[in-house]
Amino acid sequence: MQAAEKKVFERPRTLKEVPFHFCPGCHHGIAHRMVAEAIDKFQLRERTIGVASVGCSVFLYDYFDVDVIEAPHGRAAAVATGVKRARNDRIVFSYQGDGDLASIGIAETIHTANRGENITIIFINNTVYGMTGGQLAPTTLLGQKTSTSPYGRDFMQDGYPIRMTEILATLEGTAFAARVAFTTPKNINMAKKAIEKAFQFQKEELGFTFVEVLSACPTNWGLSPVDSMKRVENEMIPYFPLGIFKERKAADVL
Amino acid sequence: MQAAEKKVFERPRTLKEVPFHFCPGCHHGIAHRMVAEAIDKFQLRERTIGVASVGCSVFLYDYFDVDVIEAPHGRAAAVATGVKRARNDRIVFSYQGDGDLASIGIAETIHTANRGENITIIFINNTVYGMTGGQLAPTTLLGQKTSTSPYGRDFMQDGYPIRMTEILATLEGTAFAARVAFTTPKNINMAKKAIEKAFQFQKEELGFTFVEVLSACPTNWGLSPVDSMKRVENEMIPYFPLGIFKERKAADVL
Amino acid sequence: MIQSVIMAGFGGQGILLIGNMLAYAALGEGKHVTYMPAYGVEMRGGTANCTVVVSDEPIGSPIVGKPDAVIVMNLPSLKKFESWIKPEGKLFLNTSLAPADERTREDIAFYPIPANDLASQMGNARLANMILIGAYVKATGIVSQDALIDSLSKVISERNARFIPQNIEAIKLGADQVETANP
Amino acid sequence: MIQSVIMAGFGGQGILLIGNMLAYAALGEGKHVTYMPAYGVEMRGGTANCTVVVSDEPIGSPIVGKPDAVIVMNLPSLKKFESWIKPEGKLFLNTSLAPADERTREDIAFYPIPANDLASQMGNARLANMILIGAYVKATGIVSQDALIDSLSKVISERNARFIPQNIEAIKLGADQVETANP
Amino acid sequence: MTEKQDLVKGNEAVAMGALDAGCRHYFGYPITPQSDIPEYLSYHLPKLGGEFVQAESEVAAINMLLGAAATGVRAMTSSSSPGISLMQEGLSYIAGSEIPIVIINMSRSGPGLGGIAPSQGDYFQAVKGGGHGDYHLLVLAPNSVQELYDLTILAFELAEKYRNPVMILGDAMIGQMKEPLLRRTPEKIVEYPKDWALTGAKGRPQRVLKSLYLKDGELTAHNWKLHQKYEAMKKDEIRYEEVFVEDAELILVAFGSAARISRTSVMMAREQGMKVGLFRPITLFPFPEPRLADFAKKDVGFFVVELNTGQMVEDVKIATAGRSVDFFGKPPGALPTPEEIFEKIREIYPG
Amino acid sequence: MTEKQDLVKGNEAVAMGALDAGCRHYFGYPITPQSDIPEYLSYHLPKLGGEFVQAESEVAAINMLLGAAATGVRAMTSSSSPGISLMQEGLSYIAGSEIPIVIINMSRSGPGLGGIAPSQGDYFQAVKGGGHGDYHLLVLAPNSVQELYDLTILAFELAEKYRNPVMILGDAMIGQMKEPLLRRTPEKIVEYPKDWALTGAKGRPQRVLKSLYLKDGELTAHNWKLHQKYEAMKKDEIRYEEVFVEDAELILVAFGSAARISRTSVMMAREQGMKVGLFRPITLFPFPEPRLADFAKKDVGFFVVELNTGQMVEDVKIATAGRSVDFFGKPPGALPTPEEIFEKIREIYPG
Amino acid sequence: MARIEIKQSLCKGCALCTTLCPEGLIEIGKRLNESGYFFAVFREEGTCKGCALCAKICPDVAIEVWK
Amino acid sequence: MARIEIKQSLCKGCALCTTLCPEGLIEIGKRLNESGYFFAVFREEGTCKGCALCAKICPDVAIEVWK
């Protein structure tokens, strides 16, 4: 009977009814949805201010029904700091790619964490610069070919893939740091919980919270969405292990 | 008899016969001398290119008898990268303060280490911006009063003193990372050895080398040189432990 | 003699590829040529178009407000570019994706070509662009068909060289459509 | 009436302090005043100097090329600034550190004052600056000695308030030198 | 509302002006010769419930400012030349996103590390736009401690009025000098509607502040909209000071500290009976072009004095099209004395 | 020395020009619409024994460039508007330290993130100096693929000749367009003595490259020295192209892609019998002021076309003091068509 | 008796849902949607468990699940 | 019979050497040098070991040691 039927999965309120501009099979969409769900879960939509970064996710404001400010490439953490310092009763999050956060924006990221700014950063690590057409990212795996590492990443030339979650977890100001992926039902659930926890910690004013999402860029990897998912599982996770790297107990703050 | 007398301690060849402009009791002078001695020891003077940073040590070129390029504030590691990439058979070192390296220049520092650039950085941590008159540095200790933390550094406001050696030691590209101080004869010897090892590693092309020197700034601490030395020993070392945090064996590179 | 053409369609339809082919063909014939893509690298999805100008004299603007011809591969592009065509210019329309009755102008020569359908009949839907450029070159004589065919080796990587014969076939099929389409 | 003075010496001699005092004293007397330090915060060591202009009218330039007076506390400053003094201007020289015979100009009023020696005699070498400003104010009458003394509370922190009486003494001692120095 | 004059350093006057304008959010990075501003504010802001953040760099500072000001609070930064250069990308974003901020450049000597002495080498950067794209800062050039205070208050008002960054262009001279200041705290702070501020989308549609416009024609329209604002500023915000210009045969044009020094030189010339006047632009953008154009209609010469090798002189040339424009430049390293400028006047003075 | 033309994208022509000029060191950070340059070089430089470094940011890139070029090698970077803004501090240091580098700005739409379409909104930044202090870049503005290649080679020569940064100011249009290119590799690379280069003080006194000058008068002298170089450039390096200017009653002035589009409009006007010419500055600094001043002596009108709301028009006004100067601006978001500019010509054309 | 609904216009045919559905109930169809993608279709025949795995993996939030 | 030489013009009187000398052989004198500092002086009377600790701590490289 139709009447008894209940919607058990629907688009979160915070996500507008608008199609994403992302390429087919791009994980940005999954991450967007989970962030929106976390905002819904804690009923934060009306007091959230989002910070869009420059990368494939720049159109954050087209999808999230919250106030949004657009940051220059790499500076989202600094912008978020400004927002939070001005309105410390609001929920502030930024959403950034690996080029944005780990390359050009690494100074702002580290110092924002070190200051223990009470904000949440969602970090999309897809081992490549998506928006600009697939150049080397600081997270590009060794041997991976990109449009600016045409012979494959070589550590003598380009250095090593950088593990941001591990670095940030070492800083005193970080309250929560986790790395997640969407490769299996189990990992999807873990990702959802981690993103929720980050917002919950912010709500409870515990300090800086950070979730790194291992993400696929089928377009620039030159793989199908399904093969891209496999690459995340088989190539990325071994180098970028999943898990919670730091979780502060409330007491630590005092 | 005078004739049998031997000079057992003299000014290193690489250090010009010029009085330092540093304040009385400033440890920059000791660090300068040790760097010059290391250059002399391996006979590197004629193939060394130094990178001066902006801070009290900006006049590097007035003291070191080597070719020197002046970098913008915070960018010495990037400048050194450029020099080394252009002349990879030369010895390249930068000499930077804590404001320069750990605040404005942290992105360049981390990525230079991460790329494993075969250069040496001497990092002078004096918990304060010396040259500009004693403002808060990223390394300022909790509770320490500076001209921009007049009520003492508070982690809720200003974040935590940052431990650069520990962060850099976690990066794959780092070959050698150590923290030293000049507080005791033992520590002085250790400092000298660490600085020598950094240059030796560079000579052997093992990767990025880094020596953090805990240093006194009597002027901006408002303490006498002797009391400043005590502060390094009693307040800085407990938070910034001395030692070698990373030392790559040659084999690692392969 | 100076001739300009705008080609437009969805991102994946190979618009820039045929634009490049035309440009190489013109170069091959010793003509002056400019190829100008309107691109959206920093924006995913959306449409693609390019402008090619071929001339016996040095070329001024690579941008044209009133092209001599337009090749249109989908409906949004028809809506955008039909009005641009110079009076008495030419419209080459992929009627598989943009119905002929959506067009509005009568003062231009019209070449309706069901490119996707023809391509599917050939067994490869991705050849639609080749059919259209074949038709365009035939109808305008801007370059010779031989020059166009020669350009394939410039734009198709060695790895895909085996597809060249198919493409030649499609170009010729397109050329054959010209009479049918606009007799 | 507009009067300008440049004061100069080593970094630690308290030059800027007496410059500030003079400015506060002028303000206290309702005059227009500018105080302009030439500083070298980003360069350690070296010398310090400042320019003070006091006037009954609004002041244009806080910088002067030909000051009415110069107070000099060390030898390098004598070499630098002596030539600047306006014809018939005044030179106040700390002869403890800059010997009187190093001066070259005869067309100005000369006030040689062994300020460091006098200060040491008072038991505190750091009072040399007070002696000189005391002398300067006395000789020029630019502000009253009372106003100068009042300014001490503006420039000396509460923590150091206990040193004020000493300073007053030094100012007066300086004033007393004027007659001896340039009778 | 205090009425007593106090002896105040220029930099501190800026900080006081900011506090009295209701600014409670400061983001900056130390640099000589303006560090007194953050030092003063780091002491006072916490007592007023405000936020003082020493950013990790000027790049971070300008972006924190962007974030804070986007929420509608009055916020500022201050720096000096090299630091201002690092802020150019952020400034372009702020102008493009129409966020009101106040930025102080106590400029020093360049190019490069240069030195910490006063200089006006940053005129072009401030006035023509050092960042990318078509935008302008509104630029105010005070020449006294009092004006530093007053114009700082004005800067916050104008920033909100136009939703545009406003720069105070000072230099090491006026930043470091002390003068009596009358701290006439405004009785009421002039404010403008904040219907664009990001405060959380409670009970209203989402708000977005951005500078990316990709839809057909959108960005063209946005650029013309910004242009209209600059035209409006040219109409309504031009400010200048004139001394002895009515009968002048030679008009000395100078701003900021060059004007301050020149004022004495003009007095010297008048004492010698020369008909010399001083025209001091207070707004550098909008430049007082119409007013200078008026003078240019008369038979008068112009003499531009700057602490650089020639920058504002170009704007004076545009304004006075065709008239003779002399120039005396003193690039940083040593300030010109009033006597030196007076000598130049004497050389140029007609007849 | 190959003589065959090939169809080449503007960005790639730059990369080829750099290689053919002997540049073996590239430092840059990806940004649309110029990423073809680093992509091309990342493929070719390693094969030539060169170094391609993708820096962590534009700030790092310009400083790596400073370091590399200081050792005397030919080195370059490329970016687009926001990235160029981030390089302003570094550029000021490089100019101040007199280090020869080449920098490409394939400019895009601003302000802020703006968009990736062609724009000429960065004229002021390039020409007046976006960084702090008194300095200039030598700025070349190509308008074809061939010129991109040729001027890139020239840029390396001029950079060394003057020990000054040289900028190629292009935009998304000429960077993305393809045209036939004749890659006429120079037979001999023109080089200048490198007696300043840091190579290690072996058998010679120490060398220092710096921009800090604190001793009395040193910095003033240094600024005047730089100024003399700019004057020398004004004397010797002005380049421009003229089309139909001899008998022109109206001279259209435009650079880069605006000139390229306008050229067709001028042809259209000539076909209609209107005496219209095109004056195209190739060097934007030094600006071809004397040449325009010559035209201004005749009874001729000027019409400036730019892809912005009005920047170069100021330099044309200075050059043509007093003459009427019309302006047509098209800020980014949509390019003007030749037909559109022709319409404007028709409106303005005298009589 | 659970079921899902795939919003044809949002689907980009990435096929991730087809790989994750434990019952194999989703496949990529043969028709193009207006954006030019072959979109996914729900094969009504099998037994949907309403596990929502398809929806959770869908990058375009194109799937709703009823139970 | 070791000894040290303190270059008076380089010494800034910081006194670090005085605290480190195991023999207490160095003290800050009562005279100013040309830069205005009370400089350190070597008390010739004791027995210098030539350990060079004074020289190693001297920030101004003002001390030379002979042995």
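Chains: A, B, C, D, E, F, G and H, in written order; residue numbering restarts at 1 for each.
The working rule: a residue touches a chain if its C-beta (ideal position, glycine included) is under 8 Å from a C-beta of that chain, and two chains touch if they have at least 3 such contacts.
Predicted model only: the values in this text are computed from it and were never measured.
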Required minimum of steps from subunit F to subunit H, each step between chains that touch: 2
Remotest chain, subunit E as reference, centres from CA atoms: G
Relative to subunit F, chain with the most remote C-alpha centre: H
Higher-contact pair (C-beta pairs counted), B-E versus C-F: C-F
Subunit D and subunit E: spacing of chain centres that average the CA atoms, whole Å: 34
Computed distance of Cα centres, subunit D from subunit C, in Å: 85
Distance from the mean Cα position of subunit G to that of subunit B, given in whole angstrom: 59
Interchain centroid distance [CA atoms averaged], subunit A/subunit F, Å: 38
Subunit H: positions in contact with at least two other chains: 35
For subunit B, residues that touch 2 or more chains besides their own: 22-23, 58, 70, 72, 103-104, 106-107, 111, 131-133, 138, 158
Two or more partner chains touched - positions in subunit D: 40-43, 45
Of all residues in subunit F, those that touch subunit E in their complex: 59, 81-82, 84-86, 88-89, 92-97, 107, 109-115, 117, 119, 121-122, 124-125, 128-135, 210-214, 216-224, 226-227, 308-309, 311, 314, 317-318, 321-322, 330-334
Subunit B residues touching subunit H - in the complex, by the definition given at the top: 5-11, 15, 19-20, 22-30, 32-33, 182, 185, 188, 218, 224-226, 229
Touching residues (chain side subunit A, partner subunit B) in the complex: 103-104, 106-107, 110-111, 114-116, 138, 155-156, 158-160, 162, 166-167, 170-173
Subunit A-facing residues of subunit G, complex: 2, 9-10, 12-16, 19-20, 35, 37, 50, 52-53, 55-61, 63-67
Complex contact set, residues of subunit F against subunit B: 25, 27, 51, 53, 55-57, 59-61, 63-73, 75, 89-90, 93, 97, 198-203, 206-212
